[in-house]
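In the two assemblies presented below, chain A is common to both, partnered first by chain B and then by chain C.
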Partner chain A sequence: MNLKKFFKKLMKRKMTVFFGVIILVIVLAGILAPLIAPHDPLEQNLELKFSMPSAEYPMGTDHLGRCIFSRVLFATRTTLGFSMLCTVLAAVIGITLGIIAGYKGGVTDTIIMRLCDVLYAFPGIVLVMAIVGVIGVGIFNIIIAMLILQWLWYARVSRNLAASEKVRSYVAAARLCGASDWKIIFRHILPNIIPNMLAIFTVDFGHTIMSISGYSFLGLGVQAPQAEWGAMINEGRNYINADPWMMFWPGIMILLVVVSVNIIGDHMRDALDGQSS
Partner chain B sequence: MELLEVDQAEKSYNIRKFGNSYRLMAVNDVSFSLKKGSCVGLVGESGCGKSTLGRLITGLEKPTKGQVRFLGESVYSATKRGRKLPFAGKIQMVFQDSYDAVNPRYTAEQIVEEPLRNLMHLSVKERKMKVSELLRKVGIPDSEKNKYAMEFSGGQLQRVCIARALACEPQLLVLDEPLSSLDVSVQAQILNLLGDIKDEGNLSYLLISHDLEAIYYLADSIIVMYGGQIMEQIDDISLFYEMKHPYTKMLLSSIPSYRNQEEKSETAESIWMDLGVQKEGYTGCPYYGRCPEGKEVCKQKRPEIRKIRKGQTVACHMIDD
Partner chain C sequence: MILLKYAIKRLLLLIPILFLVSVVAFGLVRMMPGSAEMAYLQAAGIPPSEAALQSASQELGLDRPVYVQYLEWIQKAVRLDFGTSYINNKEVKLELLGAFKNTMQLAGCSTLIILIISIPMGVLSAVRVDKELDNINRILAFLGSSMPSFWLGPLLVQLFCLRLGWLPVQGMGDWKNLILPSITMAVLYIATYSRCLRNSLLENINKRFVTYSRARGIPEKKIVMNHVLRTSLIPAVTTFGVNFGHMMAGTAVVEVLFSWPGLGRLCVSSVGSRDFPMIQGYIVVMALVFILVNLITDLITVALDPRMRESL
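Coming up: the complex of A and B.
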């Protein structure tokens, strides 16, 4: 489907627009964090620890007296940035391999798809733990470990779409018009499967945020004192009875972003289904 | 030199079913040649291998055996990197379903532009002019060139496809049932357009169709296929009513207006072709199962294609020289 039409259709639903705006605001806040944040996210002030929300500290302070609001803002950069990096890499790897498999067919297809099947058999968390256990803790190691399983979705779906586009006569026509395989892939097949990939990408982005935060919560990803939503929840865990604010703010951010992204992703899928009928 | 030579071309596919695998001979030992400026009509029913033959001729598929030569050179060269076709632009094809034959994200202009972009070194301005000229030639006004493929009607889009096929001044145009997805009034328009284009230049056609009337209108010679093989061939359309093969007669009598329906009884025949006759290893005449004149010899031995008079060859045991 035409990308322009796809977005037009998407924007017809008020819910999509609403959640789109939420995402936009959060992303903008993350980008503009140094301008908006009232304090340095790492600045400690032990005299003011566990203060309630106030004009000075809009979301209160944590156990080291750091401004939670500033930390949440800066954590947006970490969490969304790393999640985006991870998802984009997975999408690029997956779509590339998927299109190659679907377009080439034959042995190439079999090898790539069987590799997918084998990797599917690994339980995600266990694999990530094992890899991080070997190469060490840290956000980049987590991303590498997650990538090993994450490209599979893209590969599977893009492979099937590419295979079904390939047999359509416009691909034959393009070959008769002197297009090489690469031109056919880039000018014809890829643009035609992009909307579908975008829908998967959106949903997957939500999952990745959960994973990155989750692994940071477990202490495997982003390391203290850098701010990250999952890590912040972990820090607040010890003080849940005394000062639930510490967990509440990053938690609500994860909830907001993931819910919004998932709903937009669902609506994208609906918009795609609608066009096929 | 002949423009196109098909030399004992054969295309077979592996059909895999549970416990019942076999090789399907989609095109079986087909030879013919096409002269410059002529139009060969290829007739046959669905599944007889005529579309596969079309794809072999354009080089989209590789023959299992035999060769297809265009101006003396093989149309399929697997060695080229990126599989760019050696005769891209020179051999063109018009497809049955025009909506399937264009990228849905392209406008008419982009569709026609594609071969020019790939194959000709033109400036952007020259290219745009050439596209407008081509679209005008097939009867699409300039104002509609920015419409997307899906916004056109079937007939209009087929015109756009024809414009694309003509873009690089092709020498051979393979028309793969270009009319069958169109309604009758539009069919006539497209047919006239194809006739006009043919009269203009030294373009050759291979018209694949099951519509004998369209073939009669456009073609100079006719090849009748059945079960992947050539059943009958005439070099001159004037022999149209002299065609002898039982299958051809059946086809002719299925035209409603033909000869006052004197042979009405056969026309109602609706038996589907038995795919068994295309399995590898079948030795008889492929038409045997449906042929009203079939004898024992037809079952045993495949009839050789032979000349029965000047300009007419038939593959049938039952026809005398």
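Coming up: the complex of A and C.
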């Protein structure tokens, strides 16, 4: 199925469009955060700590008198930005290795797939703890640690798809016309497996958001005072009696984004399933 | 016989994995920026002088060749002997075992809740496909699988402990202490398993053996409970087994939230204080649990489903 047909099918469902718009709005709000945010997310004003929502502070202020609304907006950039970086890198590594394995076959295929098997049996969170334990806490270290296992899923699926596309007649035809391996991969095979990869990418993006904000919550990822949804929940947890809203908002944002992403991913899979029957 | 062959094949595949795990765990101390001696002294709070560094090096056995150190380390590691903690000088093995027991308690209780809720939810959804109940379950499943546990947990505490005062906030000892952490942990998996069970029930409910049972006049309830559910539980068992390792590892967030003295919390605090023997021990223990659970699940799946044996 090509990308155009895939999107056309996807857009037929109103729910998909609805949740797509939600994500779009949140991403735009994150991009435009410096323009929308009423305050500097790091600006403290201790006299105003724990103030209730008002026109000036739409979500109130936290324990240091910082504007929660501005922090949630800026945290959108941190959480979604790092999650996107991590997922894109995993997808690029995985799809590249997967296509090479599926297209080349033989020893290359065996080596890459055996590597997948061995890594697959390894618990992700333990590896992350080990690596962060060695090179220290920090969001980039977390991303490096997550990447070691995250590409596997893309590699496995794209390998199988590439292997089955390779034997189709259009590839033989392209080869007869004198197309090089690179051209066949980029112009013919890749576009055909992109919709599948997009479905995996969407679900994986949701997982990554949960992981990255989870590690930041544990204090292993994004460090204070930078605004990040998971880290904000951790800060707010200590003041849940004084101001429950402080941890409520970043959590709602995570929930909203991940639910939307999961539903869209689910619909993508439905759209792909329809193709085979 | 086939089962035995399969088990041996799987055990052989474990060798490279275990080797990798041991190298990662052992390599920890050597890969880190700065020397292990420095880390040891810093963690122990001793001012790093030349003499102190040397004695630390000797004490930790870091003045010998790497492979000798590795061999010595692995000999101890198979007996789960990882030395003593840098922080409080307690024996790592004992600390880990204590924490392991607590984590198992939490994971076990959570598993019970998952089974009690997700099986009826899955069956009811499958029996009334696309009706109200199924749709409600679908929405709950999406919400459950997207709910960060580090957000749900504090909200539950706020509601049940502080507002209503029904349950204790944190700590352990009483069975009441187990309820909230287990529920917090279970939510994600209830969502996953009830959907998984529903889908596999739906796959089986139109199979020929069901039509045959209906033709024999067996009541629908009995068909679903006795025949369809039994077959449909197999994929659920597999998913469950694969996820149990993840669940054990994923308790970290819940344990930190509820101050539950389990493996995850121990590891997070050890990472924070760079307590390397403890981190090493955690990696080896978790990897062992993960690998064993996967192996047992695979064997059970094959034993349960005769069709699987043919494909071996």
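Note that in this section the second predicted complex is superposed on the first by the 277 of 277 C-alpha atoms of A that agree within 3 Å, B and C clash if a C-alpha of one lies under 4 Å from a C-alpha of the other, contacts with A are read in each partner's own complex, and residues count from 1 in each chain.
Assume a contact is a pair of C-beta atoms (placed from the backbone, for glycine too) under 8 Å apart; a residue touches a chain by one contact, two chains touch by 3 or more.
Since this is a predicted model, take the numbers as computed values, not measurements.
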{"item": "Joint occupancy of chain A by chain B and chain C, clash or fit", "value": "fit"}
{"item": "Arrangement angle, chain B at one end, chain C at the other, chain A at the vertex (C-alpha, nearest 10°)", "value": "100"}
{"item": "Larger contact residue set on chain A - chain B or chain C", "value": "C"}
{"item": "Which superposed partner A:Val132 touches (first chain B, second chain C, both, neither)", "value": "second"}
{"item": "First (chain B), second (chain C), both or neither touched by A:Pro123", "value": "second"}
{"item": "Which of chain B and chain C A:Pro191 touches, first, second, both or neither", "value": "first"}
{"item": "Closest Cα approach, chain C to chain B, once both complexes are overlaid on chain A (Å)", "value": "10"}
{"item": "Overlap of chain C and chain B interfaces on chain A (superposed complexes)", "value": "none"}
{"item": "Interfacial residue positions of chain B with respect to chain A in the complex", "value": "55, 58, 60, 82-85, 88-89, 91-93, 95-97, 100-105, 114-115, 118-119, 148, 161, 164-165, 167-168"}
{"item": "Chain C-touching residues of chain A, taken from the complex the two chains share", "value": "117-118, 121-127, 129-130, 132-137, 206, 210, 213-214, 217-220, 230, 233-234, 236-237, 240-241, 244, 247-248, 250-251, 254-255, 258-259, 262-263, 266"}
{"item": "Complex contacts: residues of chain C adjacent to chain A", "value": "13, 16-17, 20-21, 24-25, 28, 31-33, 142-143, 145-151, 154-155, 157-158, 162, 245-246, 249-250, 252-253, 256-257, 267-268, 270-272, 274, 276, 279, 282-283, 286-287, 290-291, 294"}
{"item": "Contact footprint of chain B on chain A as seen in their complex", "value": "1-3, 168-170, 172-183, 187-188, 191-192"}
